[in-house]
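Chain nomenclature is as follows: A, B, C, D and E, assigned in order of appearance, with residue numbering initiated at 1 for each chain independently.
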Amino acid sequence: MAIQLLNGIVYGGLLYLLAVGLVLIFGLREVVNFAHGALFMLGSYIGFTLAAAGHWWLGLLVSVVAMAAVGCLLDVLVFRSLRKHDHIVTVLITFGLLLILETVVTVTWGKAYLSYPVPKLLDGTVTIAGSPFPIYRLFIIVVSLLVAGGLAAWLRYTRMGLYVRAASTNAHVTSIQGIDVDRLSLVVVGLGTALAGLSGVVAGPLLTLSPTMGNYILIDSFIVVVIGGLGSFAGAFFAALLIGQIHNLGAIYLPWAATMLPFLLMIGILIWRPTGFAGSRT
Amino acid sequence: MTALSQGDVPAASSPLLKTRGLLAMALAALLLGVAAPRLVSSQLMLSLATQAIFDALLATSVGFLVLQNGRVSFGQAAFFGLGGYAFGVLVARGLMAAELAVLTALALPTLVAFLLGLVFARIAGVAHAMLTLAVGQAFYEIAFRWRELAKGDDGMAFNLPPRIFGFDSSLLQDPSVMVVVAWTILVLALLGLALFANSRMGQIAAAVRDNAERARFIGHDTTIPPAIVYAISALLAAIAGLLQATYNGYIAPQMFHWSLSGSALIMAVVGGAQFILGPAIGAVCFFILKDFAGRFAEYWPAIVGSVLVIVTLVMPQGIVGLLKAGWFRMRRQA
Amino acid sequence: MTLLSFHDVHALYGQARILNGVSFEIAAGERVALVGRNGVGKTTVVNTLCGVTRIERGHVEIRGEEVRDLRRYTAAKNGISVVLQGRGIIGNLTVEENLLLGTATRRRGPWTLESIKALFPILEERKASPGLALSGGQQQMLAIGRALMANPDLLILDEPSEGLAPVIVDELADLLVRLGDQGMGILLIEQSVGLIRRVAERFYVLSKGAVAASGSLAEIQAEDFHKHITI
Amino acid sequence: MSEAIAIQGIGIERRYGGFRALKGVDITVRRGEIRGLIGPNGAGKSTLIDVLSGRVRGQPGQVLIDGRDVSRLKPQERRRLGLARSFQRTNIFPMLSVEQQLRIASWAVAEAGVEEVMEELNLTALARMPAAEISYGDQRRLDLALALVGRPSVLLLDEPAAGLTVEESHGLATILRDLANRWNVTVLLVEHDMQVVFSICDGITVLHLGETLAEGNVAEIRADQRVVTAYLGTEA
Amino acid sequence: MFKAVMMTGVALGAMLSVSGAALAADPLKIGVATDMSGTYASLGEEVMRATRFAIDEANAAGGVDGHKVEFKSYDTEAKPDVARRQVEKLVMEGYPVITGMIASGEGLAIAPLMQRWGSLYISVVNKADELTGANCAPRVFRVNTQSAMDAATVKPWLKERKEKKWAVVAIDIAWGRGSAELFSKAVKETGGNMVAELFPPANTNDFAPYIEQIKKAGAEGVWVVLAGRDAVNFAQQSKQFGLTDAITVAGVSFTTDGTVKTLGDSAKGVFGIINYSSTLDTPENKAFVKAWTDKYKVPPTNFEGEAYLGYQVLFQAVKDAKSVKTDDIVKALPGKTYDTIMGKLVLRAEDRQLLKPNYFGIVEAVNGELRPVVKTTVAAADVAPEVVCKTK
């Protein structure tokens, strides 16, 4: 049981890393980013190139930096000009980006499945509750907790974090206080995309790389974001852990319904509280 | 994501074309449809046209929800699939006469949508999109995994009974016949939607979309009219699903999949979801685009993606929106 | 010194022209009111200053220099704090966090967290509550407090009396007069005669997107003052 | 006298979070009367209108129309019983044309009367314009027209003159007085424009901090020292 | 982009070496509808590689019986409705010999239409038994190994094994469920018992809950019915959990060359059913592998072998028919013996399934590279499925 709960946290942690990027981007830009899964995928491939050559940690670093740059580019070139458009139009555009990114990766890396090595440092297992548990999975938990903690601290205790929270709720009022929300969102979208890159590399040794890999996790991340209450950081964290557990426990105790449970949970929560459980965005 | 069209020149709201004009246009379109197989000799063209019309029906059903209720659905395939599956399963099992199966396949999704509409209509924006997505995926999962129903993920081929409504059913799998049937249905559907939009119920629904609170304060119930719009929209999707299942003699879980819902939404928005005709036009354009891009093998997604990005940036109001703006500009200059 | 001036500003909102050649100016230590009915473009003046509404013709000067590319943050960065209509409290931030937002421009001056809390003791009392939990009057104090945190040279208030009990309006009037005396420019956009009479030394009457009259109360009243503002 | 009472609120309370917007207010409007409801911003005037019209529930509190308890009825049901209202912030159907929305409004209560209302409120020329594209003043009159369709028996008006020029306010007052007489409409009017209030109201209720401060006819209210200090100031 | 244009057009090699006679004859036009962007895009890529190889080879030899070979390909996205549309297009654009679909659902969707369109379909990947069984349709042929043949391969292997407690992890689709059922039956018949039967949904990201359950059940061996992404995910994660080292791991479609290449060391020691292997020791295969390796630098994979097999069968049928008309090819195809890279094989007339041997192997290092190596061969006659098909 302890192992099962841990596994739930692993998957939940991974979902959180992706979902929080979506939340960051949605908060500042009000963009429902369908390309986020493709960015995750791109990050994973970038990291792979170095990891396969034995430089796992360098791959992680390069992927995060490269994806941050991609994010900044996206913000300036695409999201900034989408501000005045309807949500649905931005969804369509990010969907177009998704298709383009998939093709770019297909052309660059091919369609064959690729798999990441586990970094040497984290290879092997430790015994937990009498059975072996991969060290790498603990690493994923640590990374997601570090990101969650770091992000929470950044948001709560720094000036910029305050601005981000303020702008996510009301960009107009925030900018009236003299804060350049465009510049802020450059950082935030960059950060969100970098987190997609980070999760891409971190997920690498668990998941198979393929140009469509992002699609299989994107829907789960959307569920997390919506259940957590669009734009809520804490909500996303708890929703991710919840969905992680539901995936694991569902697979064991309700296998026939496992894939539907997250959807049913979302339907239930949205009908009960249309704004998700972290409640309102003003 | 609620109301696409807020702040635009309203299209559906200004008194629509007079009913007589509508009827004349519909009649002309119908005649054109009947003549088409005689004018076009290529079976391939006819078959592609048939499938483009199925897409057009589905896109119209999504667009109608945006137009009348201001709600974006990511799960319209649920009703498309339900229509196809109900018909396929009933016919394959011989559970009831084909005619009755047709009625059931149309009534079931309509009813489900009406009930869902009672609850979903009050939820807007991204949450609504995710809710509908969830419903669609729940149906997909059921179809995908319930092998006893229709062979799960493999999908199920089925034979039509020899005659449906007295007609030789094999004709329904002949593109030169099906294209006329589908076209006729599309034209009648569009006509029906235009008439509905002009009807009391349609106008009340439009009022609820515009301002649900005020609609209550002028004395209207605000639950039933949007739910009826859901039902009509689902009926259209079900017709499309039923036609496709009949034409292909095959049903598969992909009929429920969110990627189909997503494509339908793309078609609707690209065509111009704030116009009754927009989604159908968008569907045809999207169909042609995808068909064209298909020549470039695995590179087609990038082509479709690039066109999508450019088109939505250049004309956020969709093709029809752009045409209309152009038309007004021309008239103003003239 | 002239802090802010509009020169024949025309602005469009969608297809409709909202500002039709507005000109006014305000200098340090001056207390000026911009009055007029709903829909005459008072709030559009704020929106134009904040880059929400695009200028079609004319220009805006801050400290005598023309500012071409007005953005939402431009005013604040130039020492002009705006208290928005409806107050613009960020509901899920605490009272203290809302106040800290005011320091984004990092201008130094007499107003700090301590001095604001001394001015409005209720904000100290409720510093950890979310902004939304405050009553209307308290939110107004918070909004003004936040604006002061930026230590502005010019304070613009859009309909500050809305939702305030008369007693509090009195206090607000006293405060604004005091601030003006300390050298801060005050631009009051108001309908409530009670407040503007007590605060403003000079008036601009806005009608149909343009300044219809200006001057002291006496000068204005000589003209068609009552045609344009409430009561 | 109960049959002469058009609308009555009894012991109406309402809180928002910890804030008590209404602290047990009683209000009575007699048939055919135009009653002004005044008071400083935040006094609870709009909240009272909201409770009477069913936008929010009283907690507790009772609303009677023609002696019938409608406290549990939805807004649309109250409207069909003849209780109509307008809004402080223009609340119309932006994408529908003027005539279309009035017609839709008429279906719920009476089949006719659209032309009549358009005529009375000078909207006929704008019939085919989408509401979003007409001017602010026209939108205010459209808001009022939406409430007037079908000749309601009770009309709750929340600052109908807000944002109108003096001439417009004056015209509006005339129309209101006239229609109330001819159509026998009972009106509860929230308004800051004292010229409007004083010129057309038969009686005035003053709210202050969620409680009734004073009640009486125009002269009584203008003379009431408490009202002058709390609200009217020099206006009295 | 240039590459794409070439691919959809005429094979380049053909243009350089066709003789005058071949030009005079009608070309053999093949429509390849395969997954290029969906779940099975990497399998689709393998099919395309085999297609190009086989057609270049044929054209370089002057065509098939003098007929130049041309092909056109469209993406099916592994979706039945898209497959239907693309196949219809191929047929109507004059490419009536259809092959290449990956998902069984695609094959099943278009199979009934072949008669109507006057085309023919040769399955090289679809595994569902129904395609040539319960739902068999005229003009539909299969050269690859169907599920029933894989199942029949299990029993001889199980008899040799000492593990008695088995678990099965099968993808929750028709193929997975069906295979798992047949496996359980085989285990019981050979005196073992099933301790866990798990059915993860398609495209599962995290297999941890399933791995934990296998461990908890105390299985000595696990039978894996997963393909593509799922297979790699499972193999990788079970290696990390130490499962692969602790118990016997075997499966169907699991130890394909593609999977092994992706997995690297994680695949070492895994058993599996092999439908085709480049290590098969026949002269024809050796020649094929050499030519292939010369061209692509790596040996052909399981699916590349089976797809190539399809072209071998087709080309010989065209030679026999002395015609590229589909009616003639359809008549010529069934009931004949074909010379192939897997030896002499019969395309059974009753259900139009190619009867071929099947193999059981293990992943081992060959010349320093990991590859599935055949250990047990089960003769074609022993795995031949029952004839269910009724239509001719």
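The rule we apply is simple: a contact is a pair of C-beta atoms (placed from the backbone, for glycine too) under 8 Å apart; a residue touches a chain by one contact, two chains touch by 3 or more.
Everything numeric here is computed off the predicted structure, so don't read it as measured data.
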*Steps in the shortest chain-to-chain touch route ending at chain D and beginning at chain B*: 1
_By that same contact rule, can you tell me which chains touch chain B and chain E alike?_
A
*What is the chain whose Cα centre is as far as it gets from that of chain D?*
E
*Geometric centre distance via CA averages, chain E-chain C, whole Å*: 74
*asked:* Could you work out how far the Cα centre of chain A sits from that of chain E, in whole Å?
replied: 36
*How many angstrom between the C-alpha centroids of chain C and chain A?*
41
*Would you give the residues of chain E that are in contact with at least 2 other chains, written as numbers and ranges?*
36-37, 41, 201
*Mark out which residues of chain A touch at least two other chains, giving numbers and ranges.*
102, 106, 111, 259
*So in the complex, which bits of chain C are touching chain A?*
50, 52, 71-73, 75-77, 82, 84, 88-93, 97, 100-102, 104-105, 132, 146, 150
*Touching chain B in the complex: which residues of chain A?*
32, 81, 85-89, 91-93, 95-100, 102-104, 106-107, 111, 219, 222-223, 226, 230, 256, 259-260, 263-264, 266-267, 270-271, 274-276
*Given the complex with chain D, which residues does chain B contribute to the contact?*
5-7, 9-10, 12-15, 200, 203-204, 206-207, 210-211, 213-222
*asked:* So in the complex, the part of chain E that touches chain B is made up of which residues?
replied: 1, 4-5, 7-8, 36-37, 41, 73-75, 79-81, 84-86, 88-89, 92-93, 104-105, 108-109, 111-113, 116, 128, 130, 135, 172-175, 177, 201-202
*How about chain E: which of its residues touch chain A in the complex?*
36-39, 41-42, 44-45, 198-201, 203, 205-206, 208-210, 212-213, 215, 228-229, 232-233, 236-237, 240-242, 258-259, 261-264, 266
